[in-house]
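Both complexes below contain chain A, partnered by chain B and then by chain C.
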Partner chain A sequence: MKALQELARKLLEDKTVSVVIGYEEGPHGVRPAFITKPDQADRLIFDPRCVHNLATFLSPRRSHLVTLGKKAVVVKGCDARAVAGLVRETQIKREDVVVIGVRCGGVTGDPMGDGKLTEKNVAPRCAVCDVREPKLADHLVGELPPAPPTPKGPDMVAKLDAMTPEERWAFWQKELERCVRCHACREVCPMCFCERCIADKSMPQWIESSAHPRANLSWQMTRVLHMAGRCVGCGECVRACPANIPLGLILKKVAAVVEERYGYRVSDDPSVPAPIGTYRLDDKQEFIL
Partner chain B sequence: MSAKTLTQADLTSLVSDILAADKRVVAPSLVGIGPLEHIEYRPLHKAEDMVLDRGLPKRSIKEMFFPPTEVVFRWKQKKSDVAIDEIPTTFQQTVVIGALPCDAAAPGIVDRVMNWDYRDELWNGRREATTIVAMACDGGDKSCFCTAVGLGPESSKGADLLLTPVKAGYHVDVLTPKGEELVSKYSKRFGEAKSADEAKKYQEAARKKVEGNLSFDAPKMRAWLEGNFENEYWRTIALRCHGCGTCATMCPTCHCFDIVDENEGVLAGERRRNWDTCQTGKFTLHGSGHNPRHDQNARFRQRVTHKFAIYPGKFGEILCTGCGRCQRQCPGGMDLLEILGDIARMAGGAA
Partner chain C sequence: MSATTTSEAKGFQPRIVAFVCNWCTYTGADLAGTSRLQMASIVRIIRLPCTGRIDPLFIIKAFERGADGVIVSGCHPADCHYTAGNYHARRRFAVAREIFDFMGIDPRRITFSWVSASEGGKWAEVVNDTTARVRELGPFTAYREMAARTA
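Then we have the complex of A and B:
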């Protein structure tokens, strides 16, 4: 942690940045920290409770953070994909943010827990992680911890794939009927940066705002399709959902389809174009009659 | 006020009896799949679905009185005429079982605004049809602060019956005429009270557990909030806030709503009211594009001020029951306990 704190202090002292966004120990567990003074840098920590994707705070949609000035942000390898996404989609300029990568041994889903990683509490994305050492980083800190335990439980995406369309429909109806349309999934998402979301437009009302099955499906499917090839898989939407809807399953499925069709996996290199913004002559098009 | 005893088996039978009498029973029960399984207040299909040993349900009891979406009326257009279909405002008799005191107390607080300048028929209809059997809490966790807002893990506010866990099952305090009616109707399930002392000990231990989490002087806090709208403190209060409104979604007392019209076909439709929250930018966005609560700091100030100054000023009660959900479930780590503690220190009322 010393290296992280020293680096943050230096960045603030020499005025490279005016705020370092990292993690601190709050009164009830780990939480995002906004360090603006060099002498506060020793508050910064990193451990398996640091589940939050701090790249979300770089989004220009957060006007109360834009006014803080130039930022440095602490990212895990997975979070770095969101920084790359924001750069790729021209929301931020790469040179406007100092990326502090931390080597990661996996995180738990619970910032208020004891931070001991187990098969039961390890975040699902850690099982398939190949970026424990972030590549998109101006500074890299910490030793590489041991690999996290493999999460327990069935592969739900495979289970859903094995269902008949009717069974799958029934599964999602049941899960999505609990949606209360708070849109917390959108608000915490690093890649949901639209100034005005289609769900908030009322003339015409593309998506009804009521929490009934028709509108819930319409909202969640719209969001998922807008996330195709863009979702970084950080799981913040699942963590924020007040109804515990397994949004991760459908996002994972869409990511797999994008990979299969376009050979694209969400990249932590901002110069790699995403399928949604590119056209290639050899794109598969057998579905066009 | 009288007292009774209820064994675990009799509580299960009581639920079955009530369901058999074509009433609705709402209780904490399991929802969701795999690692996302959790408890919510849900209408029960059978008594065995009730889960009373897993603490506070994820969301509060409020949605049983004020659902996330509800139809206010329906309309049909016929040439130049519009016919309005009223929505029934009488509801199926409902017994809520296992509401924790921080949830049981909430509807009574929200009653004030729902009967202020307009008597809200849908809210009141559900309130009148509902009997609340509360469950004394074991003192919760570090995020709880019911005692700071004048309640407690043993508070009977808003409850018709209060169950307190004892060795033999539950000690039952019968608190209201509605509670008495329930007990006399299903009298064969209730035994003579014999565990009052044991229940009292349980309640005292629970109170001790939660008391240390937070305390403040409510009138001093209100005075500080009323006089410090422009205080420097607010300017960086919500840096980590995403504006997702999960705090309000979870909250037993947040009650703001939006009214929308939705067409059902071309010549018919319904007017609905849907949950809304002051934590989103859209909540106060004017048609002109101006937004008086221009950023998240201003929106969080509103949340705190409404709960601890505006509502008490208007209705004499704090709009918070200290359930702690807003802190526990905030994805950004916003901490109302910390903020209230800060304000109490500035207001000179910290205990």
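Then we have the complex of A and C:
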């Protein structure tokens, strides 16, 4: 933590960056912090409650943050994939951001609480984590903590796959019924970078803005398809959802489909091309007559 | 045709929407028509510049507005008027199709095909196959009821 604060102070003092985006203790648990003055650097912390994916603040659609100037951002291994994703899709330039990597031993699913990792509260993404040390980092801080406990639970994707289309339909209708169309899933997402979302367009209105079941299905399906080969699996949409819709399930499914068909696995290497938007002449087309 | 067969045939007339590319399938469908090929007359064709222009959202919208089946068709690989639109579409629809399935929309309601400008016969086949398949599946009541729900 000391190393993180020292590094942030140095970056701000020598004007390498004008803001360091990290984590701080807030009145309700850990929250994102925007440090612009060297003497504020000691507010920065990193512990298992630092669940937020701060790469989302790099997205160019956040024009109010673009005006802050050059940024340094604190990322975990999983968050680094989002930075790589933004670079891959030419939303930001790699040299325009200083990546401060933190070695991570897993995070809790909730930024509040005492920060002790257990099988119960560990974030689901930590179960499949293979990058506890972000490779993309310009600076790497902290010691590598022990590996996180593995969360337990049934494989819901496999369970759904085994159902009939009618059962799956019923399952999703019940889940999506709760959607209030607050679009928190989109707002928190580091990879939802469209300046103007199709869900906000009204002429023509492709996706109705009301929380009607047909609009909810249309919205979630569209979002998921836009996330194909783009979702970094950070789970922020799941955390942000006030209706507890299992968005992670469908995003996991789409990632599995993309991996199976195009051999693409979410990567923290910006030079790996995105699977949707590129093609191979010999792509499988068994479903086309 | 006797009265009974007519009414049987009219028992369920599925609504099928076809999103086709201007350069191959639309011309192929035109050829099927000018060649006076027999095919189901219940397909509504929507002409688009290229399969690359067809967003999976179009399919969702079609179901929302009461379609029972959807056809997406365009130029064969290597034949795209815009060089690569169909290659992009192929990837997009391969993924979309599995997600439709995962959300409970039976993928048998959606047909993807490559029909060139000279394949009028193939177009008639695609239309007839899809119509028969959707007829067997019956009306897409689940989607329609959901879309028509009030409060």
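The working rule: the second predicted complex is superposed on the first by the 289 of 289 C-alpha atoms of A that agree within 3 Å, B and C clash if a C-alpha of one lies under 4 Å from a C-alpha of the other, contacts with A are read in each partner's own complex, and residues count from 1 in each chain.
Basically, a residue touches a chain if its C-beta (ideal position, glycine included) is under 8 Å from a C-beta of that chain, and two chains touch if they have at least 3 such contacts.
Quick caveat, the model's predicted, so the values are computed rather than measured.
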In the overlaid three-chain picture, which partner chain does A:62 touch, first (chain B) or second (chain C), both, or neither? first
Once the structures are superposed on A, label A:206 by its partner contacts, choosing first (chain B), second (chain C), both or neither. second
Kindly classify A:279 by the partners it touches after superposition: chain B alone (first), chain C alone (second), both, or neither? second
Kindly classify A:188 by the partners it touches after superposition: chain B alone (first), chain C alone (second), both, or neither? first
Regarding the shared-chain residue A:254, is it in contact with chain B (first), chain C (second), both, or neither? second
In the overlaid three-chain picture, which partner chain does A:222 touch, first (chain B) or second (chain C), both, or neither? second
Chain A residues where the chain B and chain C footprints coincide 212
If we count contacts the way the header does, which residues on chain A are in touch with chain C in the complex? 160-161, 165-173, 198, 206-207, 212-214, 217-218, 221-222, 224-225, 228-229, 250, 253-254, 257-258, 261-262, 275-281, 283-285, 287-289
So in the complex, which bits of chain A are touching chain B? 26-34, 52, 56-57, 62-65, 68, 109, 111-112, 120, 124, 153-154, 156, 175, 178, 180-184, 187-188, 200, 205, 208-212, 236, 238-240, 242-246
Given the complex with chain A, which residues does chain C contribute to the contact? 56-57, 60-61, 64, 77-78, 84, 87-88, 90-107, 111-114, 126, 129, 142, 146-147, 149
Touching residues of chain B toward chain A in the complex: what are they? 31-38, 58-59, 63, 68-69, 142-143, 236, 238-240, 242-246, 248-250, 258, 260, 262, 272, 274-275, 277, 280, 282, 294-297, 327-329, 331-333, 335, 337-338
